[in-house]
Amino acid sequence: MSEQLNSIKLSNAQIAWRAAQDIEDGEYVNLGIGFPEMVAKFQPEGREAIFHTENGLLGFGQAPKEGEEDWDLINAGKKAVTLKPGASFFHHADSFAMVRGGHLDVAILGAYQVAQNGDLANWSTGKGGIPAVGGAMDLVNGVKKVAVITDHITKKGHPKLVETCSMPLTGVGCVTRVYTSLAVIDIKDAQFVLREKLADISMDDLQSFTGAKLHIENDVTDLIVPQL
Amino acid sequence: MNKIQSSLSEAVSQIKDGATVMIGGFGGSGAPLELIHALIDTGAKDLTIVNNNAGNGDVGLAALIREARVSKLICSFPRSADPKAFSERYLAGKIELEIVPQGTLAERIRAGGAGIPAFYTPTSFGTEVAEGKPVEKFEGRSYVQERWLKADFSIIKAFKGDAMGNLIYRMAGRNFNPLMAMAAKHTIVQVNHVVELGALDPETIVTPGIFVNSVVEVSNPQQEEILNREGAYYPPLNAPLSNNEAGA
Amino acid sequence: MSEQLNSIKLSNAQIAWRAAQDIEDGEYVNLGIGFPEMVAKFQPEGREAIFHTENGLLGFGQAPKEGEEDWDLINAGKKAVTLKPGASFFHHADSFAMVRGGHLDVAILGAYQVAQNGDLANWSTGKGGIPAVGGAMDLVNGVKKVAVITDHITKKGHPKLVETCSMPLTGVGCVTRVYTSLAVIDIKDAQFVLREKLADISMDDLQSFTGAKLHIENDVTDLIVPQL
Amino acid sequence: MNKIQSSLSEAVSQIKDGATVMIGGFGGSGAPLELIHALIDTGAKDLTIVNNNAGNGDVGLAALIREARVSKLICSFPRSADPKAFSERYLAGKIELEIVPQGTLAERIRAGGAGIPAFYTPTSFGTEVAEGKPVEKFEGRSYVQERWLKADFSIIKAFKGDAMGNLIYRMAGRNFNPLMAMAAKHTIVQVNHVVELGALDPETIVTPGIFVNSVVEVSNPQQEEILNREGAYYPPLNAPLSNNEAGA
């Protein structure tokens, strides 16, 4: 089944594309470092989101050409970026006033685990090593809508959507939507509610890759994304 | 994205009876006089107002109070050269007053904008202003717990603004304005100049547009001190109430 | 005695002059509104204090000429001021971060009463009317050195330096030095310690105008100020 | 008033063993690399360092850690492209780590500078980072009490500075620098350019001089990212330890 899954599941770019479709025109958005940064590439035509980065910049754009980086102009992932018209700089306390104060509309983050009550684990494997939290705990407690993009299962085949997180929490009851490599799932009343799934996977198979019960409220539509 | 609105009346039209409204300015400096007058014109009443002061003379906040639109005032210093409007209503028991030390007022508003529900300050410890508030010792010194202040609306004044709501201020007219911009669900700004997107240096923007909902240009704003020296009165006597247009 | 007092006591300008002599070069200073503002006029030659005003300005100078006022450039007393080179503007939260955070060296304030333990009452007569606190409670709890300038007695002849304040407090144990129309007095270990007094007043008379015991530690020197 | 110092070594000479030192920057952006190297040269050890990160490669904070000068690190994200210096000492139990969420770190530093001994934040509620900290409910939601952070010294980087210590920054190099300037007993700044008093627009000054004690010019500062790509190492191998002069 796992091999079959690999042939049908969405690529990271496709997951990012799907998440980008839900960002409205004029929304203020923070993208977690790494994979979530990819969402910015897929803003739908005619909509303009404003991207915030924790290190003190609102309104940044694409990466500069190689060799044209200015290392004072970076994002939270410490990658060089560029400025769009209307951008602004501010210090870290003001930056997190935006985050904690509920001024950002959307945060899109990666996850180790998401529980059916919206708990998120994405900062520590809990196995020793070196912990590093960054701005994740501020984002999940401050941004109006916290969404997760993630593979549906781990590389070892374990579900990432679970009844209860076994890994150290980033935040409690904070996630409201999960975009996975197989489905789009809302979290509502401490339940996973399936909204979209790939046409090529059956309900039973999808449930089997999910660590908690998938509820169905209304229609489940096909999760359709372009080749990227 | 375009946050520019064409008229003052449109900008304040969402403010309804019973709203909590922060009004920027320190005395007349940085006070959004034309927005306050537009708010008077809406007839909205039973307002809770947050401002450092309580108005002066017969214009701006003083006029809003005199017209009986304010049921509660949260401020640090309700005295001025001519505080008649507030004094009369306060001494008649017609307006509630919450006195907050000035720095605590500023910090409570910032806390509201920054998602900090409470903080501790040495200010007011041992005074009647601290009565009823939790006190805690840190490192051997006593501090008073203060709570955030938030509002339904902030009406503020800036010097220049763009379509995304980025703002810069003018001199000490900055005062409470950038803080109040952060602390309201809906922030309305009057600016002397609307400028092209990109015209404001990203390094010098004081209020990033994320804190702003509406921007309206008032190119030659009136100054409270000057109006009061002239004995001005709002709404103008012998004139019908009319909507105040942008730039008027 | 009261009439005799009026003939020897210092004027407000002379009290302000004396207070100004203790401001060191490079100190950051906040002057309370009204009478204390006068201290700025008497900075000793060769010393440069930097004046802070609560409404968000550091480094302001004298009042402009009449007719040249800019009403966006005012101090906490809402009087028009001017800028000195090196001045800066900031918002109210930053302004009180300077105050509360202990960054100012000296605050010089007026007083209704000062108690021998350093308690200050200067914001409310406690008799009804309209209370107005402004920045006084922040200043007395934040500035490194809080000094008071005041007449030694009230207009009705009552002492302003007292054992215990009867009026509502502005701050607890905050004042360390008092410049009066008759003397310079430190507050140390909850006692008034006399440092300087006018040559023309006897110790006994000075004590009789003071509501708590005046202690003497070392020499008491003459309080000498110029005609102003 | 003249806060300009003529050399890096003079600027950091007061930092002694056991000091708590805040170091500005987010990764390499806004990091006062030359001041950190001058601090390495002093030999000061047993330092508690506050920084968002834990250094990268073999220069700057990473070099300070590798040279065994840091006994405790307070930071939010001790990972980087090349975190070897920190990782080795941490896994060997030779450096204490206090992990603080990034926004809480920023707010604790601001609180230290603003005289706020404690505040409440939703951040970290229900996680192991909140263990042992007081929790209180406000308006139905639970918040964690966090305490201020203060330091003996801050060493930071700005773009331009004047003799009174007024500062402006460069782009996202601003980050923690203005906050740390407020939170230390003694703040030392390296600037790319010392400018005449009055050359900085009072409207655009980000850090007023009241927060700054020493300013030293480093006209062509090195950038951590570029040094690391070149495989740079501090102190230079095969070179004796020497005092780093201003502008070097």
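The first chain written gets the first letter, and so on, giving A, B, C and D; residue counts start at 1 in each chain.
We adopt the following convention: a residue touches a chain if its C-beta (ideal position, glycine included) is under 8 Å from a C-beta of that chain, and two chains touch if they have at least 3 such contacts.
Values in this document were obtained by computation on a predicted structure and should not be read as measured data.
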Using the touch definition from the top, list the chains contacting both subunit A and subunit B. D
How far is the middle of subunit B from the middle of subunit D, if each middle is the mean of its Cα atoms, in Å? 36
Euclidean distance of C-alpha centroids - subunit B vs subunit C, Å: 30
Chain centre separation in whole Å, for subunit C relative to subunit A (CA means): 57
I need the residues of subunit A touching at least two other chains; which ones are they? 89-90, 93, 96, 99-100, 142
What are the residue numbers in subunit D that touch two or more other chains? 107, 110, 114-116, 121-122, 169-171, 202-203
If you go through all the chains, which pairs of them touch? A-B, A-D, B-C, B-D, C-D
Can you list the residues on subunit A that touch subunit B in the complex? 25-26, 28, 48, 50, 52, 58-59, 83, 85-90, 93-94, 96-104, 142
Subunit C-touching residues of subunit D, taken from the complex the two chains share: 1, 110, 112-116, 162-164, 166, 182, 197-198, 200, 202-203, 205, 208-211
Residue numbers on subunit B that touch subunit C, as the complex places them: 26-30, 52, 76-81, 83, 86-87, 90-91, 97, 99-107, 109-110, 121-129, 169-179, 206, 223-226
Under the stated contact criterion, what part of subunit D meets subunit B in this complex? 107, 111, 114-122, 136, 138-139, 141, 143, 147, 168-171, 201-204
Where on subunit C is subunit B touching in the complex? 53-57, 69-75, 78, 89-93, 95-96, 99-100, 130-138, 141-142, 168-172
